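In what follows, chain A forms one complex with chain B and a second complex with chain C.
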Partner chain A sequence: MPPLLRLLFIRLGLGLVTLLLVSVVVFAATQALPGDAAKAILGKDSADAARYQALRAQLRLDRPIVDQYTSWLAGVARGDLGNSLVGAGAKVTTLLRSRIINSATLVFLAALISIPIAILIGALSAVWHDSKFDNIINVGNLSLAALPEFVIGIVLVLVFGTAVFRWLPSVSNVDSLTPLRSQMTLFILPVVTLVLAVIPYVSRMLRASTIEVLESEYVMMARLKGLSESRVLWHHALPNAIVPTIQVIAISIAWLAGGIITVEYLFSFPGIGAGLVDAVANRDMPMVQALVLLMAAVYVVLNLIADILTILISPRLRTGMR
Partner chain B sequence: MGSGDRVRQPGFLDRRVSRRDVLKGAALVIAGGAMGPVVAGCSSGSTTTSTAAPGGVTTTSVAAGAGAVKMGGHLRVAAGAGSAKEDLNIHAPALTIPSMGMRFNLYDSLLEFDPAGVLGMALAEELSPNADGTQFTVRLKSGLVFHDGTPVNADAVVYSFERILDPKNPGLAAKQLRGLAPGGTKKVDDLTVRFELDAPNAIFPEALSAYSAGIVPVGYDPKGGEGVIGTGPFKLANPGDFQPGVQAVFVKNPDYWRQDGGPYVDKLSFIEFADTTAMMNALLGGSVDYVQMIPGAQRKVAEGGGFKLLETKTGSWIPFTMNCSVKPFDDVRVRQAFRLIVDRPQMIAQAADGLQWLGNDMYAPFDPGYPKDLAQRAQDLEQAKSLLKEAGYDNDLTVKLTTSTSVSNGAPAAATVFAQQAKGAGVTVEVNEVTGDVFWGDEYLKYPFAMDNWGTRGYLAQAGFGSVPGAIYNETHWSDTNPEWVALVEEAFKTVDDAKRNELIAQAATLEYNEGGYIVYAFDMQVDAYSPAVTGAVADFSGLASAANNARYRLMSFA
Partner chain C sequence: MSVGGGATIDPREVVAPVPKRRREWVTTVVEAWHLRRTKIGFVMFIALLAVALFGRFVAPYSPTEFVGPPFSLPTASYWLGTDFLGRDVLTRVLYGGLSVFVLGISATLIGMVLGVSLGLISGYARRWVDESIMRMLDVVLAFPSVVLAMLFVSILGPRLWLIVLMVGISHMPRIARVTRAATVELVARDFVKAAAAVGVPRRTILLFEVLPNISSPLLVEFGLRLTYSIIMIAALSFIGLGMQPPAADWGLMINENRIAIVVQPWAVVAPVILIGALTVSANLMADGLSRAMMGIDRDTALS
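Up next, the complex of A and B:
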């Protein structure tokens, strides 16, 4: 079996182990919190002991906690993520469907726009380092990195939504009943906010490693061979410089996918971050588990892709694998 | 209700309503109510004195000479924080503010309070009590239908109350329907029902007006958006239109029973926001037309943006609760000292941005029996210190005050202010702020010193929920050691004569004023903000749907 494929299978296996561990930890942590889903549903009425116990029995929360965990796990193995404890018994997959689609669209758009821009800015800053262009980009990057993303979001809303211009919607409460493609203006400001939050890290990382690579001997060799600067940059320097940046890109996308709760709250965007906070507050175990597993799976897969890309791009690592 | 567009006649609702007008209107509305004139001194700095008009001046007489109303449009309301656990089952408690407003628009009860606090008929046509308050006969209005076209009749009423009183799953109103047991609701004829109580209950009609005593058709058993059938001005066109925690879209009920009561808009949406910044942005950016309950600090923002404000005084209260069954609050002198620690105007200004009106350590301010002649308590640190010394504490009393933003947004701030003020009396207060799931958890009702939130109720109804022995939400446990008060309240429940009952209520409230376990420093005011294109918003005293207009969206239309 080619070594790359072997690596893939091993890592996927380890990824499954990771997900299992995450599910145990999350289950234990949520159990350790005071209260349960029955309390969340009854609210103040949970002071009425008879009703509280009756609801606990109805939600099957009176089973030993190990039982609750293993029966949930058995369901997952069958492909059934369970039913929401507080959502009138609806299936978790049904309830989460629109939130996942919303968040996935947001992440996809943000990544699609931010990564090429960041790579371009990073590479050009490195080539023209210490020039006026580079200085301006540096100041811009540092300022954006220093600002929390919701501050960026608030400023954008003020400028484009409410106070200065009224070009764009000031909130992004995507409606799950209307088709997504007719609501795309609602995505503009959240996507711009996330793009501005991600670009500084990726471009700075790329700038630093590109500067270092441009000093190396094989680049000097390529220049001496008479290759154009543009070819030197894009075909020789960048493939090596981008290796550490791929890791930063993976982390950034994972961060986006992990549910950026502050941005979701600010734009009233119905995504998985707000869904997770609500599920934890309701102690809705199946919902919490489903969302956490989704986020963990995204992390695992993105890291795997980053590692494989690194190996594929970097000839040294590829040959070193044999 | 007319059809099509008509030329708008200028009328009461057409004038651009300024904030001064709203305060004036709110003061008149509340003063005129048969619940009794509110002490003019309580209206912190209002520009007009209120005169009690006989029968009550209300602003709900929309169509009566106010001119034609433009029909149609889609009213979008921003409703505050919701959650995926919301439902539209009218007999279950509303777990979030948005879901309470939704209930008010989908269902009706037999009786109701109008915006001024006057109890009147809703689905019922007539209510006749018997001589000793053990039987109440209610006749329904004829010709009423539910959203699915089925008639509103005695069978539906019997089904509704049996459902509320189901011992396996009692509704929220079960506790309020004191004296009514399963089987006590009897059908007399197709439109008449008789409630037969096990014990006299003079305020039973008030319980019939509870929103959670809504009338539903036989077989009602909603799940999510399925089976949501009521008599309200709006209805759910498709089950999928209800997305708990996100939004709900309702359409106009063309068969709504009320004459000249709306609804005027075609669609009503409740859109839920977890963050008040996002909510205000939605209003400023034009994504919503009406925002319920804006924070006090945002009033200027809304006014500056050209939006209208609707302010009202409510009877909602956020007390400090002292547990009289544990030290140090088992000593009445400590309790009295603590009440004297509070600088009430300062607390209102600092913890609520001025959006509250003075309280006097008693609840139910709109009840006709509320004793208005008792001296308004103010801060008196010297007296507080001397009382504490008598009780044996000499600048060495330390207590823990438990609070949460789930009690109210301003509760932690009020707790902090109290801790500051307490230093002046030599008391050290540790503020312990916890999250909602912890606050309402196992320790709730056992805290020595905490806070709680209550809506507007009459005195006896409130006592029934929070103060009598066996009350479900009894934070203070004060009645355990005050049999004299318990006797007064029991007697009042049986007293059908209004004047005598109010006298008993006044005596009971005075006992609590002197020795009780609550520190009621203020009652809430509420402010809604809305687009100038919207008209018809009417101030309401109850604060129940946590909106100054009590979710009366059926009266609203686009100018």
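Up next, the complex of A and C:
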């Protein structure tokens, strides 16, 4: 097998193993319950033997543990994550559909806006490194990276939604019956919050790698050929500087899958993040399992894609040398 | 002093400088102190710590005392107004920092102990031990931000020990990676090999030869993880899964009072400013330490 293909297969295999182990953790966590899940859910009502037994059967708790895990995993593979324990007990997948679409839209918009801005900021602060511009960007990045997302969000709400200007809605109660396109104003504040939270990571990484590339010999060569400084930057230096940044971009997007929790909660945005908060508060175990598994899967898959892209793009790895 | 190992060093790996036998981290702290950002961060951090520790002694009321109608604007008798139940916001702000500090620092310490231990073992043992530890950590890494904590809170409820433990475990993979990278670098050097050759037990080598020589990267890592611990703990309280009412806690206060952000913004603004200042100050210190350690102006990816 060619070394490149081998490398890809190994990486793919590792990703799958990680995913499988994640599912074991998510499943095993419910076993940490004192008593069992049915008892915890019913609370005082667990004295009612009939209800208790019915719930045990519904949660498949009456079967051996390995059995429980494999049938749960088989269900996950078929897209059947069980029924919610709250309300009418609808299927988890049905309840999640519109939330997933909403969150995916949110993350997609945040990534679409933040990444070009971050690349621009990173590249410019690399070109003018140690200038006044670079210093201001640096302190800005450092502070933004340190602020919790919900703090950024609340400041935005205060400024643009309530206390100072009243331009934008501060509650993003997206409605699943109206098309998303007609509700875009509801997305503005959550998206801006996430954009501000992501920019520092990507731009700092890009700055570091661009500075490194700009000092390399081939960039010097391009300059000696008499190419303009902007052509050197955008056509010669940046494509190479972006390679190490791909990882950071992927991790940032994957991080968005976790970062949306507080942001969605803050704006009452009906996505998977706010869904997870509700599910945890209600102890809706099938829903918690589904959402945690989903967020972890997003993280693993994005990292996998980033690694594969890095392998494919960088010549050193492509030839199988490390 | 002859130094074994490769001459080329990848700057993205955290690198321990030439081994100085004693108190390497002291040098880093002294150098970091020359940077303005470290000083600003330190002063802010100490000021906030003082508020959290001693604020309660100057608080005008009890944190659970009803002093006026809910969501009153600031007056002479309650300078920051009242909260959603009519309790004094200033008092609750003065009381509400301690939990953030205690939980944040505890979670960071747990993460450091677990991560450093695994990183040392992984970096020294290599081969399959190394592989299996790293794969295990990849699994932990797959749960972004507070998701791991939320998974366990959904089962055991919002217990403080659980939250601290889970936030610590969430930090474990990254701390272990940094420790492992620094350990691998060091294990190749002569003095470690010499110690192993004369039969010094492995545990002694790790604790007394390796650990003191990677104290600088670990110090930087501590600063970074402290920032993230505070963020995560505050986030958990904010979504209602951390500190529980009627506790006075900055994160919880934001959640409790945000419904009236238009009527009485101070009950939200005050804790928001304090949490923001705290995380920024911790990050400024971490960044200062990191720059001092690198000895060069190079950004470390903050994730």
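Rule of thumb we're sticking to: the second predicted complex is superposed on the first by the 259 of 322 C-alpha atoms of A that agree within 3 Å, B and C clash if a C-alpha of one lies under 4 Å from a C-alpha of the other, contacts with A are read in each partner's own complex, and residues count from 1 in each chain.
One rule holds for everything that comes next: a contact is a pair of C-beta atoms (placed from the backbone, for glycine too) under 8 Å apart; a residue touches a chain by one contact, two chains touch by 3 or more.
The structure displayed is predicted, hence computed values, not measured ones.
Q: Kindly classify A:M295 by the partners it touches after superposition: chain B alone (first), chain C alone (second), both, or neither?
A: Only chain C is touched by A:M295; chain B is not.
Q: Which partner chains sit in contact with A:G87 here, chain B, chain C, both or neither? Use first/second/both/neither.
A: Once the two structures are laid over each other on A, A:G87 reaches chain B alone.
Q: Thinking of the overlay built on chain A, is A:L142 touched by chain B (first), by chain C (second), by both, or by neither?
A: second
Q: Is A:Y265 in contact with chain B, with chain C, with both, or with neither (first, second, both, neither)?
A: Touch status of A:Y265: both partners.
Q: Among the partners chain B and chain C, which is in contact with a greater number of residues of chain A?
A: Per-residue touch count on chain A favours C.
Q: Where does A:D175 make contact in the superposed view: on chain B (first), on chain C (second), on both, or on neither?
A: first
Q: Tell me which partner A:M221 touches in the superposition: chain B (first), chain C (second), both or neither.
A: A:M221: touches no partner chain.
Q: Looking at A:I251 after the superposition, I want to know if it touches chain B, chain C, both of them or none. Which is it: first, second, both, neither?
A: second
Q: Regarding the shared-chain residue A:L312, is it in contact with chain B (first), chain C (second), both, or neither?
A: neither
Q: After the superposition on A, what does A:I65 contact: first (chain B), second (chain C), both or neither?
A: neither
Q: Please identify the positions on chain A that touch both chain B and chain C, taking each partner from its own complex.
A: Residues 33-34, 40, 154, 157, 162-163, 170, 265-266, 279, 281, 283, which sit in both footprints.
Q: Can you list the chain B residues touching chain A in their complex?
A: 83-85, 87, 93, 95, 168-170, 172, 223-224, 240-241, 243-247, 249, 271-275, 277-279, 281-282, 284-287, 305, 435-438, 440-442, 444-445, 472-473
Q: Can you tell me which positions in chain A touch chain B when the two form their complex?
A: Residues in contact with chain B: 33-35, 39-48, 51, 54, 84, 86-90, 95, 154, 157, 161-163, 166, 169-171, 173, 175-177, 265-268, 270, 274-275, 278-279, 281-284, 287.
Q: Applying the document's contact rule, which stretches of chain A touch chain C when the two form their complex?
A: Interface residues on the chain A side: 14, 17-19, 21-22, 25-26, 29-30, 32-34, 37, 40, 129-130, 138-139, 142-143, 145-151, 154-155, 157-158, 162-163, 170, 200-201, 204-205, 207-208, 211-212, 244, 248, 251-252, 254-255, 257-259, 261-262, 265-266, 276-277, 279-281, 283, 285, 288, 292, 295-296, 299-300.
Q: If you look only at chain C, which of its residues touch chain A in the complex?
A: 11-12, 37, 135-136, 138-139, 141-147, 150-156, 227, 231, 234-235, 238-241, 254, 258, 261-262, 265, 268-269, 272, 275-276, 279-280, 282-284, 287, 297-299, 301-303
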